[in-house]
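Per-chain residue numbering starts at 1, and chain names A, B, C and D are given in the order in which the chains are listed.
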Amino acid sequence: MKKKIKMGMIGGGSGSFIGAIHRIAAFLDGEIKLVSGCFSSNFSNSIATGKSLFMHEGRIYENYREMIEEEAKMPDGERIDFISIVTPNHLHFEPAMLALEKGFHVILDKPMTFSLEEALLLEKKAKESGLLFAVTHTYTGYPMVKEAKERIRKGELGHLRRIYVEYPQGWLAQDIADNNKQAAWRVDPKRSGKAGCMGDIGTHCFNLVEYITGLKATEVCAELNTFVPGRLLDDDGVVLIRYDGGVKCVLMASQIAIGEENNLKIRIYGDKGSLEWNQHDPNTMLLKWPDKPTQMLRVGQHYLSALARFNTRTPAGHPEGYIEAFANIYRNFALALHSIKRGKKPRAEYLDFPTVEDGVRGMKFIETVVASSQSEEKWTKFID
Amino acid sequence: MKKKIKMGMIGGGSGSFIGAIHRIAAFLDGEIKLVSGCFSSNFSNSIATGKSLFMHEGRIYENYREMIEEEAKMPDGERIDFISIVTPNHLHFEPAMLALEKGFHVILDKPMTFSLEEALLLEKKAKESGLLFAVTHTYTGYPMVKEAKERIRKGELGHLRRIYVEYPQGWLAQDIADNNKQAAWRVDPKRSGKAGCMGDIGTHCFNLVEYITGLKATEVCAELNTFVPGRLLDDDGVVLIRYDGGVKCVLMASQIAIGEENNLKIRIYGDKGSLEWNQHDPNTMLLKWPDKPTQMLRVGQHYLSALARFNTRTPAGHPEGYIEAFANIYRNFALALHSIKRGKKPRAEYLDFPTVEDGVRGMKFIETVVASSQSEEKWTKFID
Amino acid sequence: MKKKIKMGMIGGGSGSFIGAIHRIAAFLDGEIKLVSGCFSSNFSNSIATGKSLFMHEGRIYENYREMIEEEAKMPDGERIDFISIVTPNHLHFEPAMLALEKGFHVILDKPMTFSLEEALLLEKKAKESGLLFAVTHTYTGYPMVKEAKERIRKGELGHLRRIYVEYPQGWLAQDIADNNKQAAWRVDPKRSGKAGCMGDIGTHCFNLVEYITGLKATEVCAELNTFVPGRLLDDDGVVLIRYDGGVKCVLMASQIAIGEENNLKIRIYGDKGSLEWNQHDPNTMLLKWPDKPTQMLRVGQHYLSALARFNTRTPAGHPEGYIEAFANIYRNFALALHSIKRGKKPRAEYLDFPTVEDGVRGMKFIETVVASSQSEEKWTKFID
Amino acid sequence: MKKKIKMGMIGGGSGSFIGAIHRIAAFLDGEIKLVSGCFSSNFSNSIATGKSLFMHEGRIYENYREMIEEEAKMPDGERIDFISIVTPNHLHFEPAMLALEKGFHVILDKPMTFSLEEALLLEKKAKESGLLFAVTHTYTGYPMVKEAKERIRKGELGHLRRIYVEYPQGWLAQDIADNNKQAAWRVDPKRSGKAGCMGDIGTHCFNLVEYITGLKATEVCAELNTFVPGRLLDDDGVVLIRYDGGVKCVLMASQIAIGEENNLKIRIYGDKGSLEWNQHDPNTMLLKWPDKPTQMLRVGQHYLSALARFNTRTPAGHPEGYIEAFANIYRNFALALHSIKRGKKPRAEYLDFPTVEDGVRGMKFIETVVASSQSEEKWTKFID
């Protein structure tokens, strides 16, 4: 009998938003089974979480170290295949490094680590180990984002010129750290790292641009702001980014934009055509032309690329959303693992998920924009 | 250890759109495990399907009768808890009836049966048995549809007056039955039943109105059309419906509306306010007022009703879609089953899924509109 | 020196919404000069209105009869060329007939008259006289409505099948006749005629379909409703309309749809493609196809038809609206008059405004739907 | 008899887009009469234009100097009241200055002049003269822009924090200067001035922010780009702007954004609420709140401010657009002139049009962003 991929999870106890999302994403396609976990630094919370997930108590561990070491000793067929790490940023590096050392594939929440140094160490280790390493820059999981990538790769927009990417949110417009677990660590430099808003959502924007266009940033001009009194990290910012080949980008991210949810939107203009995609209507992409009407492309339609269709579950007209985009990362990761376990090279579309390299790019983005924001020079070289 | 709910499936072999959706819906929340199945009348297709789903070959059966009977003999803790039936309409009744007779809870795809007579027999049996019986009128699974129901229940719109409900699709605008398995049975009166478009999607509209408003139809005036030459069933139609209390409705369904996907939309007007919801943007609902600005309600926001929030997995800004709406039926069904298995009365929100009674209403709708369409009388009493 | 076209106006005193709109529409393109008027049955109101419009007091008359007769006696070059009549429905016929008798061209507000009989008399007189006669079914003045007509005329949608046309409004959801002059006469059968909602806005829908498609209605099935207690005319209704060639239409109009403004929307489905246009976003039209992405056509773009471009004043991106659509009727009427005055046959695009024949069709629509609504027969022949 | 305001026009001969718009805007409300003009440097073009506008040939002049001087000699009641100047930028200063010197009120197209120096001279002269001086920053004429101003003035959004203003266009994405008169002068530094895109549309964005918020810019960080090879002026750019009170703004303007028309959009975030307005749907404004649903405000509704209602001609549901917004400048200017001619102080709402001071601010904006773009310093003080 073919076996499901076996997953362990670190973090994601009760009260964790993103842990629950990771699990749904893992379960949705029926390829993955959660069998092991250390969900919380509070062991009884961890056990309660595991039980509510129909897990054996024996596979719920008191700390991540014990978990990784114990699982590593288990026999083939029982041992977990990969570990999903969904803790706050400052708790990413150590379990991820240990997981790699013990031979586990890894899925890690973003931004990848607390510091760039940690990220570089993980990248080195991941590459040496040959293990799969995904970083959940979720938005690249949307079929239309993949379509955008394909259209640009084929040259439909011509030579790119101008990019607008924006991600306004409003949930941190007031000081809610005392009452909101999600907010608390994100605004705390000891847990979040050097950047707040830019780390949490600016990195998503940055990843989205590099994923879709294949361009690499060369220099930036950043202005980071902290609007909520007493807050220690940025809660808003704008970054002008210059890419190879003269492409110019404005990246706008804000967490004080009252009334905005996750209005991630990207517009890319080339010298032959343009595209526009918005996470609030994720199943539509606009293609714009100089000499003919704007086209509304829709997920599920046969005219989309093979890559977009591979990442869609339903025919057109059945809106897919954030959870399916997230699940595409898990599903593709699982499909790649199945291939590896059978000794095969995974197909290219299975490997189409954000990797440790994307994670490192994100950390470099954070370092660079924080440096630029503190600089009086207009342009700061992208740290590379 | 707490156990997942165990599910068997009849139908849904390779090439079935809706079978795959049912499985995703069942898996998504991690409450349900697929352990048994008879996916196709072709046994080797069935086995291949089961294997790809990581199932034990021993629980894949050659026909539904064998499956139900064998499963019924299994010991507690191993036997399936419920059966999901996702075959074409003419193959709903017999397995559903046998499942009930053998003590299995049932989830059945819509429209409920081939004929009203079958539906009434199933309803009778289901009620006698006390078993859970869901019919997958998916659209009532959307959080905003539940919000609409709650707002009207609380009287926010006042006394209702006028309803517009519409469901234009374009996928059957040409004769594609030869090449498309989904199309083939839907346009075949031997497999689909008395109605084509009205059975397939008209019933969704009808269910949506009755679910949201709690109203019961009293008489109808229907015009069903067949636009594609040679087609034997309706592929388009309009129904004027009168409800208790003088409420007037127009129901429009079409499968020849080129370029439309599943544009299900409902607008309800009362004497104090109105609401509008559209499946293409399912996370938004508009509330309209005579004396103040229109409000855009959004899924995931704290100002929504408890019922809507109970049926949402992510915070605002993470678009949920069709799959999550579908999964709400499975999840609520599973939660109710957990309660029943523990000897408890399920909470009201667990039982908030479409039932055998909704299925019967749908079959009565089909009977009534077909009769009305053939009648020269303007108004035809709703069969009840 | 070339002279502007000289206009007289009957009705449109202070407090008249539609009179002010007619004047703006007449002034906008600088082709027309208002020189004579009888704006109100109250002479001092009439004089005050005329003065505020920079008119000579000598050309403001106490009643329409005096105005028409006095103007008719004036010398060429001073006498008005045409009369615009913007009174309530029951006061359309007499001044319009007298205007024709005295040789004046006429622009008349819709619906054309109080009764079909009056309309037929006017039509006969207008045709005999050879004078221009426009009826302000405004919505056909929109460039995108003209584009729709052109696309269908060229066969781009193939053979038409299904039409949805709707016009929900909310302003009469309560009984406001006592305080609102606009509402008062519209809900009064002595001034409005046989129909309320269907006369006021149902006729717009009907005209829009016939204008765009060139089809003629053959039979209808209507349900008219009066939701506001005590109201004597319909304030809501639905009409199923059958057209030549098997085309089916649903026409929905309502004045009790709280929160709706003038949500006139039309969707037309053929066997090759479809179109959608909405008055709330009047500069966009969607074209939908079975095998390629939906196209968003925009007013002002070069890819539009000559007819659409002729009725547009600004390049793309400068939203034009209701006033410009209305002005297109006046401008085209004025251009046609200029030609006639120079002894030339007006160009076809000048004559592209709704005429006395459209007005008569509207009155037949009212007669037919009122009869159908009162009938127990399902289908009522369109009165012709 | 009350007299219309008499207007003369300089520029706006055949082929001028903006001249025709100014005339429509002037005519629409029936307050203004065009009686004098010098439409082109080519006299026969000028005469032809004037004749087509029903003007006396005697009031069409060979050059602007002759026109202003001759008109100045005319008797009261015959002489024009104001002059509208719609020539390319480099031909604004001289006629405007002469008009002021001869006692004529002025309406001038934007950007105000070729250089800041000219603008300051005009401002000085206009203030000394006491004459009315409008600069047609059209977008502030929209009712919803006025509503935005009023809401912020009343403190509904609290203390402002973040502003996004953008104006992407695509019409200059290729080099079209040879074939397009509109394009030719705009991309020519000898006629347009120091800036291309930033002068033509960046100034609109800048004016919109200052008008709505009442804030004054203090420093900027600009990156101007020229994407089309061989072009001498910027055709794209981004400006970070800091305002008094710590308010941060990103201003994005582009003329190479293929497929965009005039997508002017502004979003303003305060610490209590936010607003969003888009010129493509100008009759709607969104108000967003931390704790309740987003509100869609609509032009024509009674809940709007007196200022917004004063600048609206039709009830809700009759879309008004760019022409009406433009006409609001002319109408308010004319109403103010009427007051002045009657020796009265114009009401505040009459004076609510962009003035010589706004024009000067726009020229300072151009100077500052061009300097900033050439600077290696991050921040450049706003020239004041």
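Criterion: a contact is a pair of C-beta atoms (placed from the backbone, for glycine too) under 8 Å apart; a residue touches a chain by one contact, two chains touch by 3 or more.
Just so you know, these numbers come straight off a predicted model, no measurement behind them.
Participant: When A-C is set beside B-C, which has more C-beta pairs in contact?
Facilitator: Counting C-beta pairs in contact, B-C comes out ahead.
Participant: Which chain's centre, taken as the mean of its Cα atoms, is farthest from the centre of chain D?
Facilitator: When every chain centre is compared against chain D, the largest gap points to B.
Participant: Would you mind pulling out the distance in Å between where the CA atoms of chain A average out and where those of chain B do?
Facilitator: Averaging C-alpha atoms per chain gives centres 34 Å apart.
Participant: Between chain B and chain C, what's the gap in Å when you average each chain's C-alpha atoms?
Facilitator: Spacing between the chain centres: roughly 44 Å.
Participant: What whole-number Å value describes the gap between the mean CA coordinates of chain A and chain C?
Facilitator: 55
Participant: What positions in chain D touch 2 or more of the other chains?
Facilitator: Those would be 260, 286-287, 294, 298.
Participant: Quick check: in the complex, which residue numbers of chain A touch chain D?
Facilitator: Those residues of chain A that touch chain D are 161-162, 164, 166, 168, 170, 173-174, 221, 223, 225, 227, 236, 238, 240, 246, 248, 250, 252, 254, 256-260, 267, 269-274, 286-290, 294, 375-379.
Participant: Per the contact definition, I'd like the list of chain A residues that touch chain B in the complex.
Facilitator: 1-4, 17, 20-21, 23-24, 27-30, 34, 51-57, 169, 171, 260-263, 279-283, 298, 300, 313-324
Participant: Please give the residue numbers of chain C that touch chain A in the complex, ascending.
Facilitator: Contacts found on chain C: 286-287, 291-298, 301-303.
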